[in-house]
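Given below, in the form of structure tokens, are the structures.
Shared between the two complexes below is chain A, which has chain B as its partner in the first and chain C in the second.
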Partner chain A sequence: MNITSLIFCGFVIIVVALYYIIPRRAQNYLLLTASYVFFATWAWQFPLILFVLTLLNFKLAQWLRYRERPRPAILWSGIGVNILALAFFKYSNFFVPEMLGLLQGTGGQSFSLAVNILLPVGLSYRILENISYLADVYRGQIPAASNLTDFSLYSAYFPKLLSGPIERARSFMPQLTQQRIVDNDTITRSFTLIVIGLVRKIVIADTISGVIPRGVFVTPMNYSGLELSTWLVAETFVIYNDFAGYTDIVRGVSGLFGIELSRNFSHPFFSRNFFEMWTRWHITLSFWLRDYIYMPLSRALLRRNLSSRNTLNLIIPPMAAMLISGLWHWATIHMLMWGAVVGLYLVFGRILSLWRPVIQPDKQPMWRQIIKMLAVFLLINLSLIFFHMDLPTAINFFRGLFIWKKLTMPDLHVPLMIGLSLLIDYFQYRHKDEVVFLRWPRLVQSTVLAVAILAIFLATLMKPATPFIYQGF
Partner chain B sequence: MGIFTITTQTLRLRRPFGKTLGFAVVILIILVGLCEGIARINFIQRFLPMQSIGSGHVTIDVKLSRLNTFVKKEGRVDCFFLGSSMVYRAINPEVFQDAYKSHTGKDILCFNFALGGVSELSTSALSEILIKLYQPKLLIIGTSPLNLREHAGLGTAKKILNNPWIKYHLGFFSINGWLIDNSFAFRHYVGFRTLLNPLARSKEQKKELEMTAYGFGGRRADKKHAAPRITIKAPQELEDVKDYENSQSNLAAIEQIMQLKNQATILFIEMPCHQSAFSLFRRGEEDYDRGIGMIDNAAKRYGMQFWHTMPFNFMSDEGWNDSRHMSSVGAEIFSRWLGETVGKAVKQGTLGDPTR
Partner chain C sequence: MEKKEIKEKLRTFICTELIRNPAYPLSDDEPLITGGLIDSFSLAQIGVFAEVTFGVYIPDIDLTVENVNTLNQMVICILKTAGKNVD
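This part shows the complex of A and B:
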């Protein structure tokens, strides 16, 4: 059941209607049932896998602080089990056939085993949530959940099931136990988020991705430098609007249940340095990496040497965080390279700050801010070359960027849609409010909404909505 | 209090609610109505992008535009020429009409609706749609063993066959197809989206320039592609033609066109190609003849006419733009011959009168 489909729309309407009618104490059961039904529409095996993982983490957390004493062995076993589950489901389709091939070669035994292990959609996100939950319980920041229904709902809540946001139990679980109120403001805000999300996904991302030539990230040698640069920037806006659109839609849907989900994007292309970038792009993942990789490593290193010029502390935490981020996306060399490159950006940023006084980006002259935004955008785009394609193709892509054999006019869909994306970002950025549109006069709001509905309708007619990119992770 | 609120344990709605959405719906209706009204004004249409059915095949949009102007001006169309680019480049309706009139003394109105890069699959669908929309009396389908290749024009044919407007007219309803058929504004919008693609834009401009009001696109004999220098050795091309005899789908499409014989007179003609094109086949002319034989057999099964045009294969090089397409010189000769021959056949009563 795709989130931009009419079936999902109908599903949400039914669940919301029931949710408002039934008594408060039955609402969590309804949401849990709906979430498992939603998950089962992808593959009947997925709910089973999810249930086993949920039960396991629920029990592990209870043992973690048995008699108020933290038990590191249980924590590490819990983390290990989650990572193993991820590795098994996510990477077995790559490793198992290769291993079988090797065994066939050495042992001479014939393996006719049909290996086809399904990757449960959104498993990578569930694993990060499970690890953060175990770590928080271990640190004593939250108590272990005592109600299996609530914990199962935290794990399976359908609006965030496919691609996050990666929620922390400490902000999500309390919402499940309290009275949830949905009033005019909540509904208006939720619908606004859904409309913004649909515009980002269907009007902007799908339109741009529809004009990007299929071969550009497969055989870049066939394209000129200008074409490659255009499509690279275009693809960056596709990923951004696709994922930001998805997050807006699911946050809007969740808002209809009175449950608030975390923000994942905050106009990232207006970042003036890489630290700022990672507080604006896939925010819940960045903060997860910060809290469970970067900070613990940094604290450990600083315990040995408190100097601000502690070289290991300058390099290891950002590199480790970004390499893990790369591996989390996919265990391939090119993803690792992507992680290494963005990690290096952070390291250089930290080293530069040692010699120059740190001035808040907002306090710098506008021209300098714009130059920095452009520089960050350019470097992020270059790093994304490794994100989009395998290593040999990426190298060819880099070479191709410098071969300006012919000047071709870009497809005008690209600048038009990028302009629209930046315009939405600009309004949100300027007023520091993602639903800034609600401040406008009613007539303007209605006109913009009418145009948005028309644009979504027309875009859907021109090209049926495609699956979300980050569903694949 | 009760009538101004909708309250459950969770839902606390105060009235008024949904006002913005209500206004938006009203604005949307006004906006759509305005756009449609404006798009229907003849004077304004000149300034709007060309209407498109969104098939990704630019020629079809230009042809439809030309055809609609043609029908608006003449009031009817008696005869369509259909097929691939071989027909598009070879049959000039104006020459055909003159030749036909000189033999029969009757005016006939013809339009060339052949499209480049298509196969018999899409020609079959277009035949059905054109009969339904314009009720012509005669369809002249140009075909060739070159079109019987399994992969000939398959990509373009699929694009056309998957187009919502084409599907809509073949009986598969969709909102998209309905809108393209009924809304001027939507067709202009689709045209606008096409124009944003620079490649489609330049193709459209080229077609606009070369295509006559009768849908014909003549080309001068190009020295660069002149026939004596035609040697087709592209491995892919050779690979494509060697299995031509297995193209059951294209043969089936030809038979499907033949099944339309109750709705209009249908005449099949062999589209000539330069003799050098025989080299495309594994066994040269022998394979070519076998292809002709297959079409012959199908025509016989349906009791239809399939006219052979073999002598034109040996027309002088001046008559050719390349191995498969005639130049405007060749087109002039071929169209005149066709007009005269059809005229004779009508006079002799072997072909139904398309002007009656």
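This part shows the complex of A and C:
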């Protein structure tokens, strides 16, 4: 069940209606049942896998502390089990046939086993949530959950099931026990987020995606440097609006139940350095990496030498965090390269800043801020070449960028949609409010809403919605 | 350990080591992270500084914008973690 489909819309309407009819104490059971039903629409096996993982982590967390003393063996076993589950479901289809092939090649038994192991959608996100939950319980920062229903709902909650946001138990679980208040403001805000999300996904991302020639990221040598640069930038806006759109929609849906989900994007293309970019793009993943990889490593290194110029601290934590980020997306050489390149940006960005006093970005002249934004945007685009394609193709793509054999005008849809994306970001950035549109006069709000709905309708007619990119991770 | 002493030591450390401008007039309620003076990754240094100087371990989870965005908030966080009265 795709979340931009009419079936999903109907599903949400039914669940919301039931949610407000039944007593408060039954609401969590309803949400849990709805979540498992939603998951089963993807594949009947998925709820079973999710249930086993949930039960395992629920029990492990209860064994993590004995008489207030943490038990490291349980923690590491729990982390290991979660990583193994991810590796099994995500990579078996690649590794098992190769291993079988090797065994056949070495004269071993002949195998005719058909390997087809389904990757449960959103498993990578669930695994990060499980690890953070176990780590927080181990460190005594939250108690182990005592109610299996609430913990199962934390794990399976359908608005965040497919691609996050990666929620922490300490901010999500208290919402399950508190009184949830859904007033007119919450409903208006939720619907606004849903409309913004649909515009980002269906109008902007799918429209740009529809005009990008698929061959660009497969046979880049067939295109000129200008075409490659244009489509590379266009694809960056596709990924951004696709994922930010998804997050806005699910946060809006969740708001209808009075449960707040974390923000994942905060106008990332207005970042003036790479650390700022890190805290604005896929925020819940970035902060997960910060809290569970970067901070522990950095603190361990700083205990030996507290100086800002501690060389090991400048290099190891950002590189480790970004390499793990690459591996989390997909365990391939090109994703590892993408992680390494972004890690190097962070390292060099930090090193370059050490020789001058800090000046707040907002207090710098506007022209300097714009140059920095453009530089960060350009370098991020170059890193994304490794994100989009395998290593040999990426090398060809880099070569192709310098061959300007012909000049062609890009499809007019691309600058128009990029302009719209930047305009939405600009309003949100300027007013530091993601639903800034609600501050506008009623007439303007109504007009913008009508245009947005019409645009969503027309875009859907022109091209059916495509799956979300980050659903694949 | 006095509140004032903690604040002054933190102020000196932040201005010298993180802002790299010892003469910077950092006020008690000036937003450090949201104001762009330091990023949230520099909080690892503040965490270790608190460990080394005041003998207080602030968990990573508490080193957030909500908890330690200003000098005053940092002092409160350190005192709370040390189990002392913050008033």
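One rule holds for everything that comes next: the second predicted complex is superposed on the first by the 471 of 473 C-alpha atoms of A that agree within 3 Å, B and C clash if a C-alpha of one lies under 4 Å from a C-alpha of the other, contacts with A are read in each partner's own complex, and residues count from 1 in each chain.
The rule we apply is simple: a contact is a pair of C-beta atoms (placed from the backbone, for glycine too) under 8 Å apart; a residue touches a chain by one contact, two chains touch by 3 or more.
These figures come from a predicted structure and were not determined experimentally.
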item: Chain B versus chain C as contact partner of A:Asn222, first or second or both or neither; value: neither
item: First, second, both or neither for A:Thr177, with chain B first and chain C second; value: neither
item: First (chain B), second (chain C), both or neither touched by A:Asp411; value: first
item: Which of chain B and chain C A:Gln45 touches, first, second, both or neither; value: neither
item: First, second, both or neither for A:Ser5, with chain B first and chain C second; value: neither
item: Which of chain B and chain C A:Gln141 touches, first, second, both or neither; value: second
item: Which superposed partner A:Tyr294 touches (first chain B, second chain C, both, neither); value: second
item: Touching both chain B and chain C, residues of chain A; value: none
item: Chain B-facing residues of chain A, complex; value: 19-21, 23-24, 27, 179-184, 187-188, 191, 211, 258, 408-413, 416, 442-443, 445-447, 449-451, 453-454, 458, 461-462
item: Touching residues on chain B, where the partner in the complex is chain A; value: 8-14, 17, 19-21, 23-28, 31-32, 54, 175-176, 179, 189-190, 193, 195-198
item: Residues on chain A engaged by chain C in the complex (per definition of touch); value: 136, 139, 141, 170, 275-276, 278-279, 290-291, 294-296, 298-299, 302-303, 306-308, 313, 317-318, 354, 356-358, 360-363
item: Residue ranges of chain C touching chain A (in the complex, touch as defined); value: 17-21, 24, 35-41, 43-45, 47-49, 51-52, 59-61, 63
